[in-house]
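We just call them A, B, C and D in the order they show up, numbering each chain from 1.
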Amino acid sequence: MKTIILRTASNYLLPLLLLFSIFILLRGHYLPGGGFVGGLIASIAFVLHAFANGLENTKNLIKMHPGFLMPVGLLVAFLAGVSPALISNLPFMTGIWFPEPLAVIGMVGSALFFDIGVYLVVIGVSLTIIFTITESA
Amino acid sequence: MEFLLAILIGLLYASGLYMMLRRSLVKLIIGLILLGNGANLLIFLLGRITKGKPPIIPEESKFFLDAYADPVPQALILTAIVISFGLQSFAIVLIKRAYKVVKTDDLDQMNSTDEFS
Amino acid sequence: MIQHIVLYPIIVHLLLAILLLFSWNSIKIQKIISAAGSVLSLLVAIWLFSTVWNEGTLTIQAGNWEAPFGITFVADAFAATMVLLTAISGIAVSYFSIGTILKARLKFGYLPILHFLLLGLNGAFLTGDIFNLYVWFEIIIISSFVLITLGGEKKQLEGAVKYFTLNIFASVIFLTAVAVLYGLTGSLNMADLSLKVAAIENRGLVEVTAILFLIGFGIKAAIFPLYFWLPASYHTPPPAVSAVFGGLLTKVGVYALIRVFTLIFVGDAFLETIILTLAGLTLFVGAIGALVQNNISKIFSYLIISHIGFMILGLGLYTEAAIAGAIFYIIHDIVVKTNLFMVSGLIYRLKGTMSMKNLGGIYAKHPLLSLLMLVPLFSVVGIPPLSGFWPKLSLITESFKIENYWLIGAIIFATFITLFVIARIWAEVFWKEGKKLPTIQNFRYFHLLKLEKKIQILGPIAFLAFISLYIGFGAENIQQLAERVGTELMNNQLYIESVLGNIKEQP
Amino acid sequence: MLTAILTGFIFSLLLVVAGKYIKGKAAILSALVPLGLFIYFLQFTRQISSGEIITKTYEWVPSLGVNLGFTLDGISLIFTLMITGIGFLVFAYTATYLKGHEYLDRFYGYLGIFMAAMLGVVLSDNIISLFIFWELTSISSFFLIGFNNKEKASRKSAVLALSITGIGGLLLLAGALILGNITGTYSISEMLLSKDLIAESSHYIIIVILIFGAAFTKSAQFPFHFWLPGAMKAPTPVSTYLHSATMVKAGVYLLMRFTPSLGNTELWNTTLITVGAITMVYAAIHTLFRTDLKGILAYSTIAALGILVFLIGLGTREAFVAACVFILVHALYKATLFLVTGIIDHETGTRDVTRLSGLRKVLLPVAIAGFLAAISNAGIPPSFGFIGKDLIYEATLHFGNTGVLLTALAIITNILLLYAGFLAGIKPFTGKLPQSFEKAHMPGFLMWIPPLILAILGITIGVFPSIVQDSLIQPAVTAMGQNGSEIQIKLWHGFNLILGLSAITIGVGLLIYFLFKPSLKLEKGIAKFDKIAPKSIVESIGYGFGQGSKKVTGLIQNGYLRYYVSVIILFLVLLTGYTLLQNTKYVIDYDSFSELTVYEVLTLLVMAVGILYTVFTRSRLAAVAAMGVVGLAISLIFVYYSAPDLAMTQFSIDTLTVILFVLVLYRLPKYLKLSDRKARIKDGILSVVFGSLITVLALEVLGEPQGSQITDFYAENAYVLAKGKNVVNVILVDFRGIDTFMEIAVLTIAAIGVFSLLKLRLTKKNRK
């Protein structure tokens, strides 16, 4: 099945899907979407890549164990959670916002960073699970 | 719709339980998944369902203008679904591992820890 | 804001877990983080506890959303006590784990998961939101699954399947109950629920919901007839894991039962009768289970079940004094049960087996160690004036006040069987002449360990032994604490007001 | 006084650290502890005899009403003096008896704790602290009885003794708490004030039963006596200490202590008389069939305890005097006899009374001690025992209608006690010295002086009873609630009926001693009755209970997971079903439901088929696929009913789950058909009931009003305050952000779990 077409297609598909996943992540605050679904889409991108090019190649592409994304994501979410406490002595997880909206993304605040954390963790988790199972199948 | 949904939820619970009562580890896990789906739908139903009014504030306004679906159950279910996904994937791997070690997925042959020793 | 500290016990463990994940590749660093972090979390817990003790219930609204709209965290005396106990038990288990857990397991995330587990426990104790409680329960469950299966040995897997199934099942029932509760009230904040549930006219539905909670939490608390998973699994993982499970996990179930039945579902005579009956049966059935076992770790498992009966009994009697008795028992039980499983680990280190038939001779060879192990063993019986004794005073007295002699009988029976079982353990494991040590490949017996390892094993046991001695001899302080918790729980107005503000002001 | 009690504990604690220094010649120094205490308590004699009561209270756990309240009155004084005095001699004796023993330090440690606990029992005024010390005596005696713990019999006896006295202790606790509840105090002296309240309480019977349970088990009354002979497995100093003056007397002490507040009722007196009488006669007869010196002494001890209980039951002033005197008498001669037996055992290596004779030739001072003790035991003048026996007869004779019968029983018991005493104290020393014992020689003076002292004391007090009359007996009787005229204890009462009875006792006793020869044959003969003896009955009850427990536990915890699930579900269904049936309205308001469209019905239909297919297919992969269809149908429902986020999530999760399943399953074989038809039907019924229950519950809830103020709040503030328009997402990342945080934590943990479960395999190599 590893036809050249699929391989080529997936090479283009990967960045496209990743972009799409980020789009879904960012718009989550306004329309259906968000970190979780975004993260899943991104993982599907990698899974497809692995499907076409073999697991080893995908791993080489990522250059690190996908599991590493989990603590990174958790840390991002954590920082988003504690930042209000550190900055303005507000309770954990309080939303704090930049006063002006940014283009495309809209309002930027701790909630967005939190969602990015979710996004990263979801990628890390799903890739870890799928890669591990595939390897030991 | 609510009536039928309630019956289907009952069916999900019943079949989930029935699967749990079988001797196969695979069936057991599928049963748990069905039960989980049932519970999620139950939250959905009991949070009262509304047709065609997603809880998304229209582009032009700052809050809702008319009736809309309760977003809280949706958020709860979303959390519950994701959590059960975590548990399910672990369970599925548990099947795999148990099969490798115990060499069967027959639950009746996994009784050694309850035996007197 | 002083209220911030309510969340510190959660934040500390969350941060620790994340840091531990970052140090995945170095066990050494993980050990340092875990050891130092446990000390930190103990300090935080003491801080929280003393603040609550001096200033009363603290609440914080996560996300700064006024209750009942966000998730509220509440540290009343009960929650603060549980957090403190978690920290005490946690620090002991953390050091014990560092000393005893196989390198292979440490390499695969043992320590981060342990701290996730402690995180879940703290969260469950502090949260004031019923769905959030569900989420914390899930954290606890999934981390305990990973801990119980880590290493993937046959008996671990077999135990885990039962543990897994029944606990997930409990979660489903819990979730069902939350669905019904939300369907009836449209609220999730426990203080708010307390008011709204009281206003529901269809009491039958309320009762059904309460029963669902009773069963969901009852499975986790391992009461009769819902405890099957416990004897099937608790003896299968390494002793350090059994220790944290035995000490804390069932107690979260008990905590949730006490919380829900003093705050949300109050004053239902039918349920009280059921709880009392179950308490008596739990005491009885757990005791006879312990009586017939041969594996010391299994004996301890059954003792956990039996003694859960004491705590549930306090809840069922439903008076301030009785609840205080239950609280005192919880305090004692967490410390002692954690220690018992660590003792079983030490015995295994000494003799290479946990079967009473093959054990023996510890007293002759290690008199001082025996003396050390004697403390938790006798405490669990409640040999006066050791820690298990005091709460029975209130429990018997309160049972007498409702003239229920069956309950007094159950208490005496369970105590007696515990006494008998421990005496037999002493006779068989410590007194009886020892046999030749079995040779186990790559297993290092206690006497061959380096001093550092020995300290890591004995230190936690001695620490918890000391605490349980304190609970016994300084019973006055513990009793005052327990009574305060009892008073607060039975007057749930205090809790509600501290969450929602003065109710009268609200329409 | 607290210090006095603590001394023993501190002494024992010190031994843990400094034990090795006390093992050699320094062992004797430990005897200074009881000696010091003896002197300390002795100095209170004057105060007590002048009618004072010394009390001292230390707060401990006031919240529970538990204080360390101590009272030293007449009863306590007798006991404290016995405990410390005999304790001193036993401590000293031990120094030689167990000379060079590996664990001498531990032995002293247990003894120290035991002594301290015993002092605590007899001094406590707070009934809870009395219980605490009571249990400590049980525990420390457990260690003492099991001291030779390499022997199986020793361990067994220790566990048995602890079980019997332990359960008694728990009864005491219950009784104490009920008493405290009724009277509002845990102070025994304050309870006295509520005597009428207790007697009139409807709980009087249960209190008395509980207190009796404690006293009878501890004081080895029939049918709980059997742990005592077993306890003889302990080294002789222990037997001496526990069975002459301390442990077993604690039960008697308890009865004496509660006589003023609980006693003087029909129930109290009759029960005590009956139980005491049965015990004394039963045990006394048993002495005839024993050949082991310690066995003989064990039964004679039980008999003596029976006499004491019997006397307390009589409840008259005379009886109390007799009891108090007899406690002292018994302590003195029984301790002596035990110590003598210990010496014999130590020097000859046997305690078999049929083999022992002529030892006076090698152990003369010991023989004297034995002889004197036997005299006192027999009640032959001028011993203290003679006074004791006279007082007993006096008490029984003057006891109303049944006086004659009771006296007869007392005489029988005394006759047999005489026999037992002679057998233990005189028989081994008379007659010819067998060759095998010629090498026996006198032990160190620390061993033979103590029994001699006690024996001589027994005679001295007999000649000069005034030594104890005012100082000990009078205050004790007063403390038992019998004020009144001065007590006169005399050796010589003139020629009267009682003297005659004494003569008969002694005469018949001597006759039996000379004519009746104990033999192994007899011992084996009576062993035939062991089957119906209380010991074996209790043991077989215990065994049966153990077997039953094993069955029940095996039945409950049978290993079958599906059975566990069934039980839980059954429990759930029964409880909720019961409440639901009682409360449901069975009214469904269809109008409030939303309308159906064809798509919805189709979706639900697909879902139902999917579910059923999942359940009934025999292919794993088909089941998984069908399950996936169910998930898809659910996400469609989410689409119809305004939940786009949910639909997306459900869809992706569903897909992922199916993929994972397939990855794992595609190598597993087809399902085996494992359960039979009957099981499937049973499970099916249970499942359907469970499912219907949920449906009914759901419909019921839908019939209730629900107005969520929370939802309105979100609707108003989601954008204004939280700056988001997708309210579900706003709830997830903001309002209930912590839920989401923990959700990703769950995912992380699960991923680690998956990773470890598949990658980590414990092998011989990494199992270090």
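Everything that follows uses one rule, which is that contacts are C-beta pairs under 8 Å (C-beta built on N, C-alpha and C of every residue); 3 or more make two chains touch, one makes a residue touch a chain.
Predicted model, so just to flag it, every value in this text is computed and none were measured.
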Most distant chain from chain D by Cα centroid: A
Centroid check, CA-based, most central chain -> C
Report which interface contains more C-beta contacts, comparing B-C against A-C. B-C
Could you work out how far the Cα centre of chain B sits from that of chain C, in whole Å? 27
Whole-angstrom distance, CA centroid of chain A to CA centroid of chain C, is 37
What is the distance in Å between the mean C-alpha positions of chain A and chain B? 25
Inter-chain centre distance, chain A versus chain D - centres from mean C-alpha coordinates, in Å: 62
Give the residues of chain B that touch two or more other chains, as numbers and ranges in rising order. 20, 28, 38, 40, 42, 45-46, 48, 54, 56, 70, 72, 76, 78-79, 82-83, 86-87, 89-90, 93-94, 96-97, 107, 110-111, 113-114, 116
Find every residue in chain A that makes contact with two or more other chains and list them. 30-32, 36, 67, 70-71, 74, 78, 92-93, 95, 125, 129, 133, 136
Give me the residues of chain C that touch two or more other chains. 14, 17, 21, 62-63, 131, 135, 138, 142, 145-146, 149, 152-153, 161-162, 165, 169, 176, 180, 183, 186, 188, 231-232, 292
Graph class of chain-chain contacts, one of line, ring, star, complete, other: complete
Please name which positions on chain A make contact with chain D in the complex. 28-37, 40-41, 44, 67, 70-71, 73-74, 77-78, 81, 92-93, 95, 97, 106-107, 109, 111-112, 114-115, 117-118, 121-122, 124-126, 128-130, 132-137
Residue numbers of chain D touching chain C in their complex, please. 16, 59-64, 66, 106, 128, 131-132, 135-136, 139, 142, 146, 149-150, 152, 155-156, 158-159, 162-163, 166-167, 170-171, 173-174, 177-178, 180-181, 206, 546, 548-550, 552-553, 556-557, 559, 561, 564-565, 567-568, 571-572, 575-576, 579-580, 582-585, 694, 697-698, 700-702, 704, 706-711, 713-714, 734-739, 742-743, 745-746, 748-750, 752-753, 755-757, 759-762, 764-768
Under the touch definition given earlier, write down the residues of chain D that touch chain B in their complex. 550, 554, 557-562, 565-566, 569, 588, 590, 592-596, 600-601, 604, 607-608, 611-612, 614-615, 620, 623-624, 627, 630-631, 634, 637-638, 640-646, 649-650, 653, 656-657, 660-661, 664-665, 668, 671-672, 674-675, 683-684, 686-688, 690-695, 698-699, 701-702, 706, 708, 710-711, 714-720, 725-728, 731-732, 735-736, 739-740, 743, 746-747, 749-751, 753-754, 757-758
The residues of chain C that touch chain A in their complex are 1, 3-4, 7, 11, 14-15, 17-18, 21-22, 24, 60-64
Help me check something: in the complex, which residues belonging to chain C touch chain D? 14, 17, 21, 62-63, 65, 68-71, 102-105, 107-109, 112-113, 116, 119-120, 123, 131-132, 135-136, 138-139, 142-143, 145-146, 149-153, 161-162, 165-166, 169, 173, 176, 180, 183-188, 200, 202-205, 207-208, 211-212, 214-215, 219, 225-226, 228-229, 231-232, 270, 274, 285, 288-289, 291-292, 363, 367-368, 371, 378, 383-385, 389-390, 392-394, 396-397, 400-401, 405, 408, 412, 415-416, 419-420, 423-424, 427-428, 431-433, 441-444, 475-476, 479-480, 483
